[in-house]
Every structure is written in structure tokens, then in C-alpha cells.
Amino acid sequence: MYQALYNLTSNTIISTLIVALVPLTLILLYALFAIWLERKVSAHMQDRLGPMRTGWHGWLQTIADMIKMIQKEDTIAADADKKLFNIAPVLVFAGSFAAFAAIPFSSAIIGSEIEVGLFYIIAISSLVVAGILMAGWSSNNKYSLLGAMRSAAQIVSYEIPTALVVLTMVMYTGTLSLDKISQQQTAYFWNWNLFGGPEFGLAKFILIPFMLVAFIIMFISTLAEVNRTPFDIPEAESELVAGYFTEYSGMKWGMFMLSEYANMFAVSSIVSILFLGGYQSPFGYLGNTLGIEWLVPIEQLFWFVSKTLFFVFVQMWLRWTLPRLRVDQLMTVCWKYLIPYAVANLIIVGIVTLL
Amino acid sequence: MKEYLKNTWQALYTVIVGMKITLKHLFTPAVTIQYPDVKTPLPERVRNRLYVNIDDCIGCDQCSRACPVSCITIETVKALPGEDLGTTSNGKKKALWVTKFDIDFAKCCYCQLCVFPCPTECIYMTDVYEFSEYDRRNLVYHFSNLTEEEAAGKKANFEKFQAEKEAQKAATAKQKEDKNPS
Amino acid sequence: MALKTETMILNMGPQHPSTHGVLRLELELEGELIVDVKPHIGYLHRCFEKHAEAMTYPQVIPYTDRMDYLASMYNNFGYVLAVEKLLGIEVPERVEYIRVIMGELQRIASHLVAIGTYGLDIGAFTPFLYCFRDREKILNLFEITCGARLLYNYMWVGGLSHDIHPDFVRLTKDFIKEFRPTIKELNDLLSYNKIFIERTANIGILPLATAINYGVTGPSLRGSGLAFDLRKEEPYSIYDRFDFDVPVGQGLMGTVGDCWDRYYVRVLEMEQSLRIIEQAIDKIPDGDVHSAIPRRIKPPVGTVYQRVENPRGELGYFIISDGSTNPFRVKVRAPSFVNLEVLGELCKGHLVADVIAILGSIDIVLGEVDR
Amino acid sequence: MKTPDEIFDILKNNFNDDVIGIEKEQPTEPIIFVNPSAINKVCLFLRDNEELKFDSLMNLSGVDDANGEKVKDNDGSEIIKGGTLSVYYHLYSIKYKHKITLKTSTSREEPRVESVESVWKTANWHEREAYDMFGIIFNNHPDLRRILMPYDWEAGYPLRKDYKNPEFYQGMKVPY
Amino acid sequence: MGILDKEFSDGNIVITKVEDLFNWARLSSIWQLGFGLACCAIEMMATSASHYDFDRFGVIPRNTPRQADAIIISGTVTLKMATRIKRLYEQMPEPKYIISMGSCANCGGPYWNHGYHVLKGVDRVIPVDVYVPGCPPRPEALLEGLLKLQEKIRHESLTKKQA
């Protein structure tokens, strides 16, 4: 996309700006929609109606929340560490927004085609931990401190199963660049990695169960990385009042919410790229059949967003069904269950790809 | 090792079962009553705001004695023998002017103990529950239909009547005195 | 040189999402491990005993409602039985049956709130709303009979304030039919959920000896394996005419007497209450509920201690009367007040998240703790 | 299953002077009077004796008997001088299913009772509540503080018959 | 109030337009502090449950005073609790509202006469916007109280600061 814009405007600053602005606006619009979706999904799952009075079925609700949050008084605790207190939300949002640079929304719309896309994403998403620790420490509140400590331990320890599963997928697909992985899984859903990948043959059928196991491990560990139930221990309502953002009010807290939903989107898009063929459509492209060339990228964008939104919906669905794990149980799930399964899976897929 | 696999299987299975239930509920219709637009009819014995039918009230003070919270304040003035105050709906002769009949709904605990002892059933609970206020003072409801000065007027002429009776009694007592000593 | 660590005092203050009201827990923490728990109560002390001395006998009943506001029907039941024992009056059969039905309906409603808030403490939001949705049906039943949703002032000394509504029997039967499948659904969603079991099994184990010494009663005691239920132990009113069994914690998911057992005893008890209501609903004799209500209540000089099986445990009324229309002294033995003492004993060595799980499993109501 | 009279006889011959007497004409259950300084020994005996086994203290309640004579206080309201404060214990045995009620009474000015916290742990909060409401001091109680009222409440003991409301508490007007 | 502390001259068209928008936003997303005291708290929970659904009005329970806009004082305020409520009120960021729910919070309710430990009405400690009578008020009565509060916010104006 950058190249196309550069030929158009032949000015580097403007084209980079536009390349950065497109995902930003997409994320802001998506966040407004996701917060509204979460409240409606949770409501209907609990036999109630959710926001109804702001516009038809409450679609203006998140906008109302946003404008109200702007009006809130900006309180900083008296002996909080002012500088860190203000940087923390920005850092957390920057961490989760930076991951969008490498995610291919469609063959035409990619932030920057980095060869080491996956590696970059895993590296950048640990920036969020620094932000959370800063928030917890600087608000000088016992609950925030406990929340920050827990979230640091959780996100760091769940990086390992994610990395292992990414390793298996990279070994299987042979490339680190997200764009190439999506291109490999060309049209028709049985070529997707979840169903054994593009080449036809015996390896494909042996791989299907292990791809499924890798998919489940990846989904669970990304859930933990984003602090969603059943792993939302850092901001556990019932124990730690509101975890690391207890002291934040108004727009700063809004930034935290925004980054949580942005992170959810980033994480579920990675899962959909690795396993469900990113922007590939399951039944071939309308654009090709009708011969309209420029329609294909838009179709791809549609398929990409719908797959990711499905995963976001599943994350919300889990939030309103499952209770919360305790901190030490969280660690046992990670170290005693996810990592052994991931390593075993890695070995088996390795052997199969070698044959 | 067997325990390990059983744990994993049990975890996955129960999560799936839980998700099946919430998904089922996602598609069952909501039970919410949309309050401001849809107001459900309340059963007839419902206990919300009290109402006093003041012209049936004979000022017998039974309700304010029965109230555990003593939030009913009644002031009555005895009617002069000549005055006719009309009768209550079930034919009881009224003998007292009820100058002040206030119920402080900020104190009331809606226990309905005042409704049962009332001889003329003039105090009963309605199903009105929408009466929240911005200012606590106008939660005190005044049910008596005598205005301030009428009440003051009634009290004044009752005192006057009282004073006359005293004077007469003093006079008759003096006469008796004159009669027997002389 | 060992690194000197210092314990941290964490105040789970009167305003906390899962302290079931206004209770302050002073936790002494070593990292996340609990060294000591000191509950501070009294934030909702509403001087019930002072009011009881200043009111006449029937006027105290609205105040007994407000003590354990989740089971106010049962508070009336206890107080009314105590005063009737003092007066020595007999109550017509119809009133006895209606009181048992209302008491058991109130037990189901109270257990539904206990189970719902316990799910909330562990982190599952949806069961809380399903439980409240079912509880609304019971509140409707109460509302058509006595007009109030939560604080009823329904059971009077010697009778009832209103007779039951003509279609009360039909609505109760519908409720029983609708409610049974929802218990099963609740079990699948919460009780057998692996994460819920992981969070509650083998946590806060209450051995039987400490339970008896601490005077714990009700589902918390039965969770530890002793079938001590006043409805069977010392049958008051007409509970001896119904057959129902007393569920006891068997340690299905862990050791006997852990949080999961206390929670599961409540779920089974709801089932038993349904059985009692079914047996009682068809055999309500007819008669007048106001016949035995005395005009003026002036009991003879004396003391009485009457205890009933409140959904939270043994609720006892100790009334001293000096012959006047006002009771001289009313002391209430509130089950939650006694069950809360054992919290310090149970929480040693657990994590912060477990304190919430243990507190939820004991199921206290602050109105009753502070009276 | 023992009747209160048999229990009283057993107690009488074990603690002859400490157990003062039994009062039976109550309409409901008879009450055994015990000397306040010996209450913990009696309770320990009641709990550990093989035939009695009173292992659960149902209820411990403080009562202001208000039987002293009324005296005009300086600001017009009357306070009660002399008279007694008494403590009732309701015991129950799960094994034998029998119940008794003990009563001890101490003077109003110097209310001292032995604590039974060592016998039943549940008595800890009950006694703290009796102290908070009536001012009855329980000797060697682990931490005898106010439990329901604020810790810095110095306007006396609320449930006594002659209790008067303070005008202000931490800047908040108390009476209506 | 956030970025709008500067004084405006008079309410001309632009201001009233923005003012309505800001008022609308403030009143359609009141976040209540999840905090209940006594029996009215159970009715408040029943209001946020499925049958009467607080979420329809955009009201979510928030646990920290920092993120809450309104406290619903649901239950009896005792003297020991009054100092805590004052501190909670002070911790809340500026546009904050108080709904006093139930007779006990209005003026001490059934405990006004002999309640030595009960504060006679929460307005002795914090300023109250709407009094909802009832003991406990029905969920619909609480919703009606919320609607009254929303009416009050709708007519608030940013320029003319009320006393």
C-alpha cells in the first residue's frame, strides 16, 4: 500500500502518515463497535436487553460514554508518580496499536510488508506489560500493585505457548511474513492451515488433529495475553476492585479500554491468519469470476474482518460463561498443561513436515 | 498421567457445556420489562403509597398509634356542640375537626400496620410508586383539607368556647357556694 | 542473611464488590498468602434490640423483616413462634401450612441469591442473572399474597396478615414445574464447571469439631458432614409431617467440608424445599387466618428461647417479657453473626482470591450480622 | 436425654456453693443460677462431662435487669443506681439433644464475669457484643473491644435502659 | 468539568447545541458505584438483573469511585459508615450525582426514632440530587428516580454554575 501511495504522491511523509492513519481509524471505529457489541452480547446472553435508550438498540451508547468520559475531572492521586501515571495508558495503547503495522488486512492493505512479521508482533506485544506495570506501580494503591504484579507474571508466562505454536506454524509454512502465510492458504477453505494446509497428500490428513490442538492452544494463550476471562485476573472485579486501573478515571481509563479492545482485535487477527487463511475467502472470489480486478482486495478485507470479529465474539462469549482462575492455577495451566502440549505438538509437526 | 489427561478432558468438556447453555440463552427472548414504556399492572394488594380519604376520617388516632415508625401526625379540635360535621360514608357521626393530618413518606416503612385498625377504612395503600422528589421536605404529605387559617379559626373559637364553659362553671360553683353557706 | 520480609496490611474495605454488603476485612498478607484475617463489623448496626424494647409486640415484626433482608419471611416465622410460645396460644392448621409454604419459598429465594452472588465472587456473571430471573417469580408469588416484594410483615402473632390469593396454589405449581429444569441448567453452568471446581474444591476446609465449637450452623455446618437441621432435629410448627432428607457434604469434589460442599448443599436444599412445598401445597385446609390473632398482646412474665432453621443457619429469639405490651428484652442469635467468626480460622494460608471464595461460601448477610 | 432437674442435681453435687439455685416457675424452660466467678469452670465441666456433653453454646445474651432505684441525674434525666446486669447462656448437646439455660448476674457498677471463650470459641464475639452493649467486662477474654459500635464511642453502653444519645459524633448530629 | 472549566459569555446557539450534546452524553451513561448497604441493595441488584435491567439506561456498576459518576445510597447509613461514604464521595471525579434510595437513606426511615447508631438521612453528609421514597422502593420506583435524575442533568447548563 505504501508503494502505491508513494507513486501517487511521491512524498514519503504523507504516504507514511496515511499508511499509519488507516489502521488507527479502523481501530477506533472497531473499538466503538466492539464495546457496544460486548454490552449487547452480554445482555442477550443473560436474557436482558442491554442499552436501548440511546438510539435504536443503543448504538449511540459508546459515543455517549466517550463524550461523558471527556467531561470527567482528571484526577491524579496525591502521591502518585505523576510522570509514569500519565505515560502508562499511552504506552499500553502504543504497544497494542503497533502490532497492526504487520497485519495484512487484504493483499493491497498492509502496513509494511516486513519479512519477519510474526516475530515483530510477538516482540511488540510485550511492550504492553511495561505499560501495565507502570500503571500499577505509579497509582500508589495496594490493589493496583497486586494487579500489576499478577498481570506481569501472566503475560510473560503466556508468551511461551504463543511462541511455541507460532514456531510450529512457521516451521510448517516456512515463512515468518504474515502476508506470505495468507497467500499460501489460497482460496477454498480446505487449503487453510487448520485443515492441513495447501499441499495435497497423506501429510495433510495426519496433520489435521495436530493443527486443531495448535489452534486451541494458540487461542487459549492469546486469551491470557489480552487479560480476558477466564484469565482476567489483573482486573479481577471481585478481588482486586479494578486491578491496575483502579486509580484511573476519565479519558485515561478510556485509553486502557481502547487498548484492551485493540489488543483483542490484533490477537484474534493473528489467530485467523495463522489458521483460517487471513484474508482468503472460503469459496473463491466474486471479483475473479466477474472479472472485476479491483473488487478482490475489498472482498478480502471483508473476509478478514468477519473472521476476526467472529473470534472477538468467541472471546466475549467466553467472558460471560466462565468463572475466573486463581493466579497459581493460571500458572499451572500455562506451565504444566499448555507448554507440554505445545512442545509435543511442535515435535510431531516437525517430524511430519520432514517426511 | 491418566489424571493429567482426565483433567484436560474435563476442563474442555465443561467449558463447551457452559458455552452451549449461554449460546442457547443468546437466542431465547429477553424477559426484560421496558419500564418507562411498558408498565406492568401491579396486583391489587400491593403496598406502595398511602392515601387517606380525609372526609371519612374521624380523627380517632388509631393509625398513628399503630404505626411502629410514628410517621403519622394528627391534630384534632373538638367540634362545638352546635356545629354539624356530617357523617362518614358508613354512617359514623364525626365529632372532631381534623386540623392536621400529615404522613411523612420519608419515614414510612410501608408495613401496612396502620390500615387494619382504622374503623372507617379511610387510610389504605394505593399502587402509586412513582413519587421520588428533588427535595426531602415535599415528601411530607398533608391530607387535611382545612387550610391554615381555618384550622387556626377552629382552634380559636374552641378556646373561646372552652373559656366560656370555665366562666359558667366558675359562676355556677360560686352560686352553689352562696346557696349553701347562707 | 535471610531477607527480612514484612507483611502488608490490605483493607478489603466496607465498600468492596464482593463482601456481600458493608463488611471490612483486614487482611495481613505475605505477598499473596494470607497470614491473618480480622473482620470488622458494625457498619450496618441498626439497633434492632433497642427498637424491640420501645415497640409493642406486633410492631416489632416489621423490624425483624429488616434483619436478614434476604429471608425476612423466616425472621417473622421465628419471632412469631417465640411470642406464641410465650402466650401459649394455638394457631389454626391453615396458618401452619401457609407458614411452612412461605418459609420454604423464602428459603429457595434466599439460596438463589446466595448461589448467584457466589458465582459473582468466583467471576461468573451469568449464573447471577439467571438466579435473579428465577427469584423474580418467587417475589411475584409473595407480592400477590401480601403486597410487598422483599420485606413482608406477613406472619403475625397468632395468624397471618392476609389470606393467600385465590390463584396462589396454581401459580406455585407452575413455578415448581418451571424451576426444576433451571436447577439442572445451573448445575451444568456453574457447579460442575472445571474452573469453578478448581476454585472451590479443597479450599477453606472446615473440620466438624471446629464447626461445632465455633457454633456454625446451617448449610455451612451440613457442608462439613453433620446432618444437623432444626426442621428434623427439633421440629417446630408442622415440619414433622413432611418427609424430606437433609443434604450433607460428602466431599464429591475434594475433602468433606470445603467451599464446594457448602455451595452444593445449598443447591440440594433447594431441591428438598421444592419437595416440601409440593407435599404441603395440596393439603392446605381451609379456615380463617385472622381467628387466633389476639386483640391486645400482653404475655405473662417469663423468658422463652425459640430457634428456627433460617436459610443461613439457626436463628434464635430470646425474649424476656415483664408482663407489659412491650417486650423487656429481645436478643437475636443471628446465624450469620456466628458463622462469620470462623472466617479467620478458615482463611489461614490461602490466597487473596480464596478469601472471597470462602466468604461467599459461608454466605452472610450484613443486616443480620450487625442487627 | 436428661431433664434440667437431673442436670441441676449433677451440678449441685459437683459445685455445691457456686451453683446457687434453680428457678422453675418460668412458663417455658427452667433457669439455673451460677456464681459469675465460677461460670467458666461450670461450663468446662458441662462440656467435657461424659453424660452431659454440652458441646454447643447456642446463645449468650446480656440483659440489663434495671432493678436498681431511679436517681435524678444532674441534667434532669434519671439513671439507675445499684441493681444487676445478668448474662444468660443457652447450651445444647448435639449428642444427647438436651438443653439448659444458665444465668449469672453481677452488680451494675462493677460488672465482672469470667469469660467462657476458652470453652466455646463462639463466645468470643457474643461476649464482645455483651460488653459493647452493656459494659459487662469478661475477665481474660482475648481482645475485649467494641464490636458493633464505632471503636471510639464514648457515650456509654447503648442497650442500658438509662442510655442517653450524644448530641454530636464526629461532627454529625445524632438525634433527629 | 474536564476541559470546559473556562467561563463562557452567554449561552448562544453554539453553546446550547454543544451543551445539549454534553448533557445528553452525561445523562445517558451514568455509571453507578457498585456499592450496596442493606435491603435496598437487594432491590438495586434486582433492578440490574434481567427483569428491570439497569443496563438499558446505560448504567453499569463500576467498582472504583474513580470511574463512577453516581452513587446510589441504597440502605441505612450508620454513623460508622457515614465517614466512609463522605470519603467515597470526595474520591469521585467532578460531575457526580447522588441518588438516595429508600427511607433509611432519605431521613433515617424506620430507625429515625430510637436508632442511636443511624445517621438520620444521608444528606447530612453528602449533597443528594434525587430522593427515592419506599422501603424498599420497587425497582420501577428506582428507575423512575433515575429518570428524574436524567431530567435534572438534561436541564443543567455548563455556563451558569448553580450554587
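Each chain gets a letter, A, B, C, D and E, in the order it is written, and its residues are counted from 1.
The working rule: a residue touches a chain if its C-beta (ideal position, glycine included) is under 8 Å from a C-beta of that chain, and two chains touch if they have at least 3 such contacts.
Remember, it's a predicted structure, so these values are computed and weren't measured experimentally.
Q: If every step must land on a chain the current one touches, say how few steps get you from chain A to chain E.
A: The fewest steps needed to get from chain A to chain E is 1.
Q: From chain A, how many touching-chain steps at minimum until you land on chain C?
A: Counted as steps through touching chains, the separation is 1.
Q: Which chains does chain B share as contact partners with chain C?
A: Looking at chain C and chain B together, the chains touching each of them are A, E.
Q: Taking contacts as defined above, which has more of them, A-B or B-E?
A: It is B-E, judged by the count of C-beta pairs in contact.
Q: Of the other chains, whose C-alpha centre is the longest way from the centre of chain B?
A: Farthest chain from chain B, going by C-alpha centroids: A.
Q: With chain centres defined as mean CA positions, report which chain is farthest from chain E.
A: Farthest by centroid: D.
Q: Find the most central chain, measuring centrality by the gap between its CA centroid and the centroid of all protein CA atoms shown.
A: So the chain nearest the centre of the shown protein is C.
Q: Starting from the mean Cα coordinates of chain B and chain E, work out the distance between those two points in Å.
A: Whole-Å distance between the two chain centres: 27.
Q: Which integer distance in Å separates the CA centroid of chain C from that of chain D?
A: So the centre of chain C lies 26 Å away from the centre of chain D.
Q: Indicate the whole-number Å distance between the mean C-alpha point of chain D and the mean C-alpha point of chain E.
A: Roughly 44 Å, centre to centre.
Q: Which whole number of Å gives the spacing of the CA centres of chain C and chain E?
A: Inter-chain centre distance comes to 30 Å.
Q: Return the residues of chain A touching two or more other chains; collapse runs of consecutive numbers into ranges.
A: 43, 45-49, 52, 237, 241, 320-322
Q: Can you list every residue of chain E that touches 2 or more other chains, as numbers and ranges?
A: If we look for residues of chain E contacting two or more partner chains, we find 49-51, 53, 56, 63, 80, 107-108, 110, 112-113, 116-117, 135, 138.
Q: Which residues of chain D are in contact with two or more other chains?
A: Touching at least two other chains: 148-150, 158.
Q: Chain pairs in touch?
A: Final set of chain pairs in contact is A-B, A-C, A-E, B-C, B-E, C-D, C-E, D-E.
Q: In their complex, what parts of chain B are in touch with chain E?
A: Those residues of chain B that touch chain E are 30-36, 39, 48-49, 68-70, 104-110, 129-136, 139.
Q: Quick check on the complex: what are the chain C residues that touch chain B?
A: Chain C residues touching chain B: 55, 58-63, 65, 126, 130, 133, 143-148, 151, 153, 161-162, 165, 185, 188-189, 192-195.
Q: Can you tell me which positions in chain A touch chain C when the two form their complex?
A: Interface residues on the chain A side: 42, 45-48, 142-143, 146, 229-230, 232-233, 236-241, 320-329.
Q: Per the contact definition, I'd like the list of chain A residues that touch chain E in the complex.
A: Counting only chain A, the residues touching chain E are 39, 43, 46-54, 58, 60-61, 63-68, 70-75, 237, 241-242, 246-250, 253.
Q: For chain C, which residues are in contact with chain E within the complex?
A: Residues of chain C touching chain E: 13-17, 21-22, 42-47, 50-51, 54, 62-63, 66, 69-70, 113, 128-129, 132-133, 135-136, 139, 149-151, 366-367, 370.
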